[in-house]
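First subunit A sits with subunit B, and in the next complex the same chain sits with subunit C.
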Partner chain A sequence: MSSSVPFRERLQALRYNLIPDHLIGEILTKRWTDNAIPFLALVAVIAIFGSAIPGFFNPFSLQESTRQLGEFTIVVIGLTVVMLGGGIDLSVGSIFALATFAAVGCFFILDLPVWVAFLGALATGALCGAVNGYLVGFLRLRAFLTTLVTFIIGRAVFDILIVQYGAAVQTSFAQSDAWDFIGDGTVMGLSVPILSALVLAIVTHVVLTRARIGWHILAVGGSRRSAHNAGLKVRRTVFLTYVFSGLCSGAAGFLVACRLSGAGPGTGAGLEILALTAAVVGGNALGGGRGSVAKALMGAVIVLVMTNGLIRLGYGTGTNQMVLGLMLAVAVTIDIRWLKNRHKVLNEVYVAPVYLRMGDAQSAEPGSGTPYALNNRLSEAEPIGLGELEGPEDVILDRDDHLYCGTRHGEIVRFFAPDYKRSEVFAHVGGFPLGLAFDRAGNLLSCVGAMGLYRIAPDRTVTRLSAETKRSLTSVQDDARLRDPNDLDIAPDGRIYFTDSTKRYDAHEWTLDSIENRGTGRLLVYDPADGTTRTLLDGYRYTNGVCMAHDGKSLFFSESWACRIHRYWIEGPRAGTAECVIRDMPGYTDNINRASDGTYWMAWLGMRTPSFDLSLRHPAMRKRMTRRLPQDDWLFPNINTGGIVKFDETGRIIRTFGDLSGLSHPMVTSMREHKGELFIGGILNNRIGRYRIEGADPTWTGPDSYWGRT
Partner chain B sequence: MGFPKDLSQERIVALITVAIFAMASVALPGFFSPDNLVAIVRSISVLGILALGMAVIIIGRGIDLSMVAIMAMSVAWYLQMLNDGMGEWRALALVLAGVLVIGLANGFLVAYAEVPAIFVTLASASFVFGLVRSQMIGSDAVPVPAGHWLGHLGGMRLADVPVEVYVFAALAFATFLFLRFTKWGRYVYYAGDNPAAARNIGMPVRPMMVLRYVLSALIAFVAGLLTAGSLQSMNTRVVNSTQLYDIVLVAVIGGIGLSGGKGGVRNVLIGAALIGILLNAMTILDIPLLYQNLIKSAILLIAIIVDGVLNPRDEQTAQQGDI
Partner chain C sequence: MILDPILDLFRGKAVTIPPMDGAFRPNTALEDAPVFARLAEADNLAPWKGAVIASSGNALYRLTEGAPPELLEVFEAPVSAIATSSAGEIAVALDDGRLFLDREEVPTGSAIRCITALAFASDGGLWLANGSAEHRASDWAADLMRKRASGSVWRRAPGKAAFEQRASGLAFPNGLLPVAGGVVFSESWRHRLMRLDGNGLRPVLEQIPGYPARLAPLAEGALLAVFAPRNRLIELVLQEDHYRHDMIAEVPRPYWIAPALASGKSFLEPLQCGGIRTMGVHKPWAPSRSWGLVVRLDKAMQPVESWHSRANGTRHGICSALAWEGRILAASKGGDLVAAMEAG
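Let's look at the complex of A and B:
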């Protein structure tokens, strides 16, 4: 940096290029950030109560706490599944109590074996859950009120039962080792409830994330209407979530029956608000679709440690309810606000511009006398497919002179030689086909924006070759995915070299990438021999066109937002390295292709302007701009003027073509020479241009140049 | 009985009420005596007052599960302060401020933070109970101080009718006037029927919502004063009882649709009459309290099912997250 740069600007450069602001946005796009708040709460709660209560961490006290934790966790997992499906189950407390009574009744009053007591508890839970599920799932009643009412009914039934049979339980002499073991014993130092909870957590997690029914539950919770329209059995799925919750409460009731060997009026009292608070504090969304077993576990630990801790610290009656109410209100509010504003926060912080001082460029003004001086030649180009085409980013011709281009509708269109008046849809790929190339066998290869690298065989079958590369070790966002594959070319050995322009934005958000100006473009290679994709170069500002040099030992690629052309060596002493051959062009570089005389054509998609160059030196201004102004008012590269530049292997500029009328080819993204003519494409254009080149070899074609004459 | 077209829930319930009333009058000795009838009206007047507040909230598409907690805890705190020797006005001002804050907090969270009302009020009920029970008062029940006006209130009668019946009647009439004849009263229906449309045409939907929660909190406080007056104390255990569900029961069974925008004071009166007669009949029949709870909750479930059948929701029209 020269010493003429003001100190303040140098400070800005350091600030914006060294502090990785963009990571905030990338972290926020992660689903796991939802877990951050509950996790911090978990750590805080354990730290506070662990230090306030003497002997909190001593093994025996932990052992006792985990028994209760196990039972509670089982209930919370059940409730979480219901919430994921878009419902809520407040009746867990009374189901729990009824199941406890069922187990106790089977064992102590009827003198039945332990396994019958277990089945009795489960059956009670399943039955109550089925009632809830029927009312909410099939009759479509409001989940909250309905389960509130079934909760009261269950509680009333339990109270009646306990008054009638409570004495009979206490005077019973039934005994069993299995019963006592479940209540008191440990396996490898872990109590039975905590083991059961762990097993249940793992199974539920696997089912939710891997199994069909789990996906159905999440789909129903995420969007009930879409799930219904997609043909899922919404009502049955909701029904099953309640049955599952009932089963969980039943199992927990059995465990507590073994532990306490009895049931009393207090059994399960207040459990519904505890479990609800746990599920919500853990971060499971109300209304469904968002949540996990891990969240349920965190919530269960937070709530239980907190309530037990308050009791052990000797706070009086009511403190627990106060704290629970406060936690529930805060958690629900955070959940709702976060869900509502997450995308706003993301919009605010995602665009993180960097500082760049562009080098001075030679003028491209008509008549300026520089090699870049634009003329009006391209306005003479004859239109092909005028008004029929939308967005021919790249064009290419085959050995039979037919002309191919991609369109923004995801199609490859073929125009028939010799006059290119007739056309057909050659193949439908989807996405937005950008760069095109023919391989030795005559397959058409295309970089499809937002999708990946595709091959279209002469018989029109479409095959995906690559959609991902190896993930880099330090990336926060998933940079294995090809987000914006742009252009490709094929080496003599059949390897496909192609560019992925940016890791941070989708193809249609290229304006944001230009404003941010962060170097995240890549050069990649796909090896057809083993189907692997490797990243060769990384960190360029929007890698774009790729062209194999005439000798096939190196390739040229363009770096759009830096207005540069680089050469990458495939063979020879400098293999694997890149050098910049042309820097500080007056236009934004796009596709590069071979010319018949051993030189190269290169497209300018737009021209630099002093105002945008200046804004690149003011990252804070650009950040403000994207946040506060509507998109129409943004300052970004001028794409109303472009052109075609011809350069040779040494980087010398030979000549420049333009369209000063602005009617035919204001911006150019690609051009192909074929039999003395130049075919011109533009990603925002509605035609392909056909321009006769003076003095060009009238027999030269691309396929011949790459693969020899046949 | 009429035919399905005329068979609104309100009419069904009215007919059932009359039928039960007739049956009870014939079958139960002592049911149709002036004393017992006054007792019925008295027994439901506190419930009815609470149900009026709940009705206004439900019509505006909300629900307030914190009413019983506010009722019990505000009065308990008030009595505790009086018992501790605080001046009448100071105590009253403090309690009113507390009630106002809770109502505002409920309303703010529902209206502005857009948290579902059912969670907000469930949480605030727990919070209010816990806060007052653990910080403000010493035991579950707080007696009315000797010689306090609340103590006289409970025994006051006009023309052999207890004073709370008049309060209920006056509040019912005031609510009726508010809902039927004032601008903001009509707005409650529009906001409850379609909040988005109401907001689009410029109604102050959110401030109105806050106002409703404040109103219901104040109504709960009044109901609490009457309760304390007639029992000479406030027992905070009522928070854990089923009284809250009785309130919802009265509102819902009278035909106030939970989806909002429907119903009025008449529905509350009918619902209250049915519940009052039922409770009284069950008491005369000497049905234990536990079974009474079971019967009441079963009736509430049936009411909700009927409400669901009369106001059905399907997969296409259901709101996401509407639980």
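Let's look at the complex of A and C:
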């Protein structure tokens, strides 16, 4: 960079080109970022209480805490599953208490074995859960009120029972090693509750993310109606979530029965609030459909550490409840705001402009006397498919003079020679077919935006050739996928060279890439012999058109936002390297194709404007523009004016055509010479233009030039 | 909502402009209106001796409907404003700051160099709007993009020779309408109309969705020409000091991100996303640097009706309007014509 560049600008260049702002947006697109806030809360809570309470990390105290944590986590996992299914279960505390009583009653009063006590607790839990599930799932009562009712009734039953039989439990002499082991013992240093919780967490996680029922639960929670329309048994699924929650509370009740060897009036009191807070603080959405077991675990740890910590620091129940309430309020607010605004935040931070100082270009103004001077010649082009076509990015002609183009509806349309008045849909590919080429066998190959490289045989069968390449090591967003395959050409040996313009934007958002201007364009090669795709070059600012040189030993490709043409050598001493042949054009380069006289045609999809060039040197301004203005108001390169440029092998510019009226061909993305005429396409245009070129060879065709005369 | 103030730190505050709604609701009445006369860079209209005269470049023309404009007089510099009195006097201001009254130069003093509007009051006094203390009238874009507010309003009492400053520190006063006891003037860069009278200076109409230019009297109320629309990108650039300074220093003025009297004439002009021509269509509601807008105001200077030429139209840059024989004439400086609309 020259020393004439002001210090501030050099600083900006360093700041915006070295700090990878774009990674923020890429990371935010990942689902796991939802866990970031609960995770930070978890770290903060442990750090605060760990340092405030002496002996917090002492093994014995941890052991006791983890027993309680295990039981609590089991309850939270159950509640989380209900919430994922779109419901809520306020009765977990009552079910827990009833199950504790069932276990204690079986063991101490009826003197039954431990396993019967366990089954008794589970059965109690399942039964209560089934009642909830039946009422909410099948009778479709409101989950909140229903479980509130079962909570009150369950609590009342428990209070009656504990008054009636409390004394009998205390005076019982029943004993069992198994009972004591579950209550006090450890396996490899881990207590039984914590082990049970871990096993349950893993199983539940696997079921939720991998098994059919898990997907059904998430689908029902995400949208009941859609799930119903998709044929899922919504009512049964909801029912099952409550049964699962009941079972979890039952299991936790059994564990606490073993640990405390009894049940008292306080058993399970306030547990529903604790569990609900834990589930929500962990980041599980109250509305259902969004959440995970990992979130439940984080929430459980946060809430338990917090409440126990506060007690050990000497705060009373009131303070404790207050803190819980506040946590719940904050969590619910963040949950709702985040859910609602996540995509907005993503929109605002995703575009991460970089600094670029464009080189001075020769003028393209009419009358400027440069070889680039635009004129009005293309406005004379005769329209084909006017009003029927939408978005013919590339056009091509076959040996029978029929004309093919892609449309934004994902179709390849064929216009019939000689007058091109009649047309048909040649094939439906989907995506946005962009670049086109015919191979030796007469197959039509197309780079399909948002999809990949496709082959359409003469019998119209569509085959996908490539949709991915090797992932680069430093990528955050998966860059193996071809996001915006743009143009292709075929070497004499049959290998297909093609471009993938950007890793950052989908095909329909290609213009946004110009605002960001980050070099992520690639040149790739597909080898039909073994079906592999390799990345040859990376890091260009929107790679676009590709054209084999007439001798087939090198190819030209364009780098749109840098307004350059590069040459990539396939054979010879410089094989595998690229050099820039034309730089600093006044327009943005697009497709390149062969001309009959041994030179090349190249399209300008738009023109540089001084204001946009200047904005490239002000990345901070562009960043604020994307954040503060609606997209319709963003400053763009001028893609309302394009043109066609003819250049030779050495990069010398021969002539330029334009449509300054802007009525017929405001932007040009491709042109194809065929029998003395030029066929002109534009990705945002509603027609193909047909322009007679003075002095062109009236017999020359593309297929002959590539594959010889038949 | 409660998190918005915190999130704003990370996302930046949205740039907003008043919508074209209510009386400003867009239509194509101006674009579709019959042509009264074709005149390159038609600027200031005024009635004179039973005909309409208009300034254009260095000259004054008399306009007759359907006929070529008739040249009245040529000056040494572009005409920046004209006014006529009921007695038939013509006041002509030039871009170099000189003022002529019936072809005789009137000394104005060194403070007046940017005469954007002139108006005779009914008592024979002459009001004068001096857009900027620093720029010429034709350099209005620079005055806006440098965010200047150095304009002033002056008055020459009947029979006196000297102009007296009545208000200063204005952001480009650009139109005058003498009223009983004072004057109503437009302040372009602040998008408002101000009233100056015995009670002092106060706004009468604010939040105009464009840059107001000249005012003309109606039997009941007034006509306001709005020469360019407000545009969010321009508002953003006005806040982006580094970019703006570099733009002023390095980019040729016609290609600035700034309001314009006409746009889309060169491919070097800035383009906004919404202005992209898609499938042969230029959206009429696209963000644009230029627009055509004439507003009818009631007696209280509140808008009641408007005539538009939208983003896809050509009759942009309306710098003055005139009620004439039951119709409303609008001079489109960007569209090189004078259109005649029926008053609703």
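In this text, the second predicted complex is superposed on the first by the 701 of 710 C-alpha atoms of A that agree within 3 Å, B and C clash if a C-alpha of one lies under 4 Å from a C-alpha of the other, contacts with A are read in each partner's own complex, and residues count from 1 in each chain.
As a convention for this text, contacts are C-beta pairs under 8 Å (C-beta built on N, C-alpha and C of every residue); 3 or more make two chains touch, one makes a residue touch a chain.
Keep in mind that this is a model prediction, so the values were computed, not measured.
Trainee: Using the overlay on subunit A, decide if subunit B and subunit C clash or can fit next to each other.
Mentor: They fit: once the shared chain is superposed, the two partners occupy separate space.
Trainee: One more residue to check, A:Q63. First (subunit B), second (subunit C), both or neither?
Mentor: After superposing on A, A:Q63 lies clear of both subunit B and subunit C.
Trainee: Answer with first, second, both or neither: which of subunit B and subunit C does A:G287 touch in the superposed model?
Mentor: first
Trainee: Of the two partner chains, subunit B (first) and subunit C (second), which one does A:N35 touch, if any: first, second, both, or neither?
Mentor: It touches nothing on subunit B or subunit C.
Trainee: According to the stated criteria, A:V163 is in contact with first (subunit B), second (subunit C), both, or neither; which is it?
Mentor: first
Trainee: Which of the two partners, first being subunit B and second being subunit C, lies in contact with A:R142: first, second, both, or neither?
Mentor: It touches subunit B, and subunit C stays clear.
Trainee: In the overlaid three-chain picture, which partner chain does A:N638 touch, first (subunit B) or second (subunit C), both, or neither?
Mentor: Only subunit C is touched by A:N638; subunit B is not.
Trainee: Angle subunit B-subunit A-subunit C between C-alpha centres, in steps of 10 degrees?
Mentor: 80
Trainee: Of the partners subunit B and subunit C, which touch A:T535 in the superposed model: first, second, both, neither?
Mentor: Neither subunit B nor subunit C is touched by A:T535.
Trainee: Taking the superposition on A as described, I'd like to know which of subunit B and subunit C A:R337 touches: first, second, both or neither.
Mentor: It touches subunit B and subunit C both.
Trainee: For the superposed arrangement, tell me the lowest C-alpha distance between subunit B and subunit C in Å.
Mentor: Nearest C-alpha atoms of the two chains are 5 Å apart.
Trainee: Please identify the positions on subunit A that touch both subunit B and subunit C, taking each partner from its own complex.
Mentor: Looking at subunit A, the two contact sets intersect at 333, 337.
Trainee: What does subunit C use to touch subunit A in their complex?
Mentor: Spelled out, the residues of subunit C in touch with subunit A are 2-3, 7, 10-15, 231-233, 236, 240, 242-243, 246-247, 250-252, 255-257, 264, 266-280, 286-287.
Trainee: What residues on subunit A touch subunit C, complex-wise?
Mentor: 8, 333-334, 337, 341, 344-345, 348-349, 364-365, 374, 390-391, 511, 607, 609-612, 614-615, 617-618, 620-621, 624-625, 627-641, 660, 662-663, 666-667, 684-687
Trainee: Across the complex, what residues on subunit B touch subunit A?
Mentor: Residues of subunit B touching subunit A: 63, 109, 113-116, 118-120, 122-135, 242, 245, 248, 258, 290-291, 293-294, 297-298, 300-301, 304-305, 308-309, 312-316, 318, 320-323.
Trainee: Which part of subunit A faces subunit B closely enough to touch in the complex?
Mentor: Listed in rising order, the residues are 86-88, 135, 139-146, 148-150, 152-153, 155-157, 159-160, 163, 223-225, 228-229, 234, 273, 276, 280, 286-288, 315-326, 328-329, 332-333, 336-337, 340.
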